[in-house]
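You will see two complexes here that share subunit A, one where it goes with subunit B and one where it goes with subunit C.
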Partner chain A sequence: MNDILDLNSYIIGHVLFGDIVPYLTPFSLALVITIVVFTIFLALSKPELRSVTRFGEDVVRTTTVGKKEAKFRRFMTILCGVALIGVVTTGDIFNFTLFVSLVGITNVGIFAVVKDTHVLDAAFQYGLVMMICSLPLFGGVALILAKTGTLSLGVLAGIPGNPVLNVGRMLLLVGAVGEGALAPFFATKVEMIRAKGAPYINMMHLSSLMVFTRLIEILFIVG
Partner chain B sequence: MALNDTVVPALVPQIFINFYPIAIVVAIVVAVIGFTGLVLEKNDFQKILIVQIPILAMYMIVSAVGTDLAEALILPGMVVSLAELLAVSEILISREITRREKEGEPLRVLNFEYEPINMEVLKTAIPVTCIVSVIYGVILTGFTGGAVAGAGILIYLFAGRTKGFSNEFWEEMAGISGVAWVFWLLGFLIYFIAPQYWLVALFMSGGGIIIKVALKLGLLGILGREEYNR
Partner chain C sequence: MIGRILNSLAEPKNVPKVFSVAISIILLFSLTMVFELNPNQLYPKPAPQVQVELAKQNIDISYNLAPYNRGGLPLEPDNRGIVRSQYQTPYEGWITAYLTPFSQFLRDITYHFGTTILGHPGGILDEVLYYTRGYDTILESTILFTAFTIASWVILNITAKERDKKEK
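Our next item is the complex of A and B:
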């Protein structure tokens, strides 16, 4: 647990549940509080009413989001928040991959009901990237498992780095970047954010940020 | 990419360890084929189908490890890829409907004519496959056996002619599935409360789960058929 302690000062609490050991450190506690507050804020807020002024016309158009659509999006947003809490607190790379995949699926789900062709197009491209990136994500985890025989972060922290482990870490980086739509693929998310219904789409920014933060931490701990 | 000898137990034969790099290389070749197809393909629907090839490579890399932890990894991997596939195809359908509504193009339902092929094997192979897989599933018992037997029932319901069984029959089967599940739970309870009766518990839970899983898959077939007929 040396690397975990070096990065996070001390462990506040952990749940001993066989191999699966979720743990909280001051760092991850701050992230969890941010996610919980943000999710509650988004769940309680009402969908935006966007006003569009057009040149050449003397009108201001207001677009509304239907009640059913807003309900579905709110549900997906809350699910995304739960998945993010899992990403931040889990002590197991295997669970990390599953939660990151869940974040990706819920992110697509937030946009699935939008009736806008270019938004759906961007969501489709993001979905394709997500499906392709499950290869490096699970492949990297399988390589780490094959080299060390464990997926628990607590055990992996004590194993010194070696070339095969580095390949696994690299694949994990590529996979998580694709699943969470980080830097090179963020363009698809930006295109999706042009959809109406402001409060819920803010979850996408938060999910990218949290997945990225946790990913860097895990890459430091492994190896 | 040789494995560290300290990780692999001594009882594993050397030939299995030598297979691992071969499996990884084959998976990389499969992934390269899939990616090439994705780059060359322009049709969105075909892209969804071709994406399954890299996912196949993912299964190969994970299953090459061959431990119980890898088995635990591959099942959620399949579920995740299935969920992503469903989400992406829903988005594709939604996009096409929105686009056609905007452009005023009517939605066409494919309605092609066909002539049923009269072949002996099409009528006889399906019940035989069903019976063989159900018997093999009963021999296997447990969750795996239930899945095998259920797959047999699923084939029969999807492709075969279900003359003998009405819908009420299958609804009663759903009730039996629930009772079998209770047996499974009771078996597990006996494990913890009275470990000396482990044999009874084993038979209760093993028999319960096979009936439960098999009938669940059969129920899936019923739902699919009713959806199709509607």
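Our next item is the complex of A and C:
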């Protein structure tokens, strides 16, 4: 039984875009609509202006976000949305890893332009995690390719699981968890989210969610 | 005790260290597995040492490219280079044998062109990428240029500004 059809009752259609064919299922179509709506919402909204109260002082400070900074972060948010559409629709496992890398680097871009030291420190550590992660991410895909001889999810769906594929899946899981800043990395994320300019940092949560959803589907398809 | 461990994990500085240790443990365990890979992914060609021996017998000048000899002639559909790619195209193996005039000169005078840094397998990589996986090349350069954009923005607007402040 084909795993793709098992997971999402039927395939709506293939997007003939170049040599690698993304496909749409009812599930991924819902995800795409969510991403598009959310990205438009974020791109149109203005950055929040936050007041900071400190203990031991009788002052309330208001913070501002520079116009240039907001512009750059908006650009990175939109790029992240485009990359996320790729993540949820792609029909090729190597393209999936590339899109996840693009999501990771745009996430860093959203935070790299903030002028608070603790945010920059946390973003730097997250960047280190991402660099470490590229080894298991691409290594896992290389292992799957070397074992099965194909990268297409449609073909991989028909191949039964075996121990070497399981190692590849595990490496893919570890790599994508690091690139998409999923569960164990909330510590670095929390420091980064203390940055001002609220609407754009929501993109990071959305990207974590979407990468996670798609990753689970791919792990099921490959196995 | 547990509280102290959790607190140290909450420090962003410690996260990459813990993570890299975890990855190395996973990799160590996976190395003990018996790997049996798909033999169809290998290029059909003589072993590198055999190619070098053939080059020394002066049978065919293209053996001087050892170990990157893929055979074939450029832009000749009847005499293609040997290429194994994921997605087949009608133009497979057309430009595998292409060399720049300088590379041709080097190939003619020495047996060791393939093992120098000049003889990188760029031709074959480019062909496989552009003809059969063009989308990947676009994506990879997008990632690269996104990184450049971020770095240049930070240098122009944060680092350079701080330097100007110090000069004042």
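Following the convention adopted for this analysis, the second predicted complex is superposed on the first by the 212 of 223 C-alpha atoms of A that agree within 3 Å, B and C clash if a C-alpha of one lies under 4 Å from a C-alpha of the other, contacts with A are read in each partner's own complex, and residues count from 1 in each chain.
Just so it is clear, a contact is a pair of C-beta atoms (placed from the backbone, for glycine too) under 8 Å apart; a residue touches a chain by one contact, two chains touch by 3 or more.
From a predicted model like this one, the values you see are computed outputs, not experimental measurements.
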Legend entry - Combined model on subunit A where subunit B meets subunit C, clash or fit: clash
Legend entry - Contacts of A:Ala142 with subunit B and subunit C, given as first, second, both or neither: first
Inset, instruction - Please indicate which partner A:Val164 is in contact with in the superposed arrangement: first for subunit B, second for subunit C, both, or neither. - result: both
Inset, instruction - For A:Phe72, select first, second, both or neither according to whether it touches subunit B, subunit C, the two together, or no partner. - result: second
Legend entry - Partner, of subunit C and subunit B, that touches more residues belonging to subunit A: C
Legend entry - Partner chain in contact with A:Asp116 - subunit B first, subunit C second, else both or neither: first
Legend entry - Touched partner set for A:Leu151, first subunit B, second subunit C, both or neither: both
Legend entry - Touched partner set for A:Ser134, first subunit B, second subunit C, both or neither: first
Inset, instruction - Identify the partner contact of A:Phe41: answer first if only subunit B is touched, second if only subunit C is, both if each is, neither if none is. - result: neither
Inset, instruction - In the overlay, answer first, second, both or neither for which of subunit B and subunit C A:Ile105 touches. - result: both
Legend entry - Residues of subunit A that lie at the interface with subunit B and also at the interface with subunit C: 94, 98, 101-102, 105, 108-109, 112-113, 115, 121, 128, 132, 135, 145-151, 164
Inset, instruction - Can you check the complex and tell me which residues of subunit C touch subunit A? - result: 9-13, 15-16, 19-20, 22-23, 26-27, 30, 33, 35-38, 40-41, 86-87, 89, 132-136, 139-140, 142-143, 146-147, 149-150, 153-154, 157-158
Inset, instruction - Using the touch definition up top, name the residues of subunit B that touch subunit A in the complex. - result: 1, 3-4, 7, 20, 27, 31, 35, 38, 44, 47-48, 51, 54-55, 57-58, 61-62, 64-65, 67, 69-70, 72-73, 76-77, 80-81, 83-85, 87-88, 90-92, 94-95, 98-99, 102
Inset, instruction - Sort out for me which residues of subunit A touch subunit B in the complex. - result: 94, 98, 101-102, 104-105, 108-109, 111-113, 115-117, 120-121, 123-124, 127-128, 130-132, 134-135, 138-139, 141-143, 145-151, 164
Inset, instruction - Using the touch rule from the top, collect the residues of subunit A that touch subunit C in their complex. - result: 17-20, 68-69, 72, 76, 79, 86, 92, 94-95, 98-99, 101-102, 105-106, 108-109, 112-113, 115, 121-122, 125-126, 128-129, 132, 135-136, 145-152, 163-164, 167, 170-171, 174, 178, 184-185, 187-188, 190-191
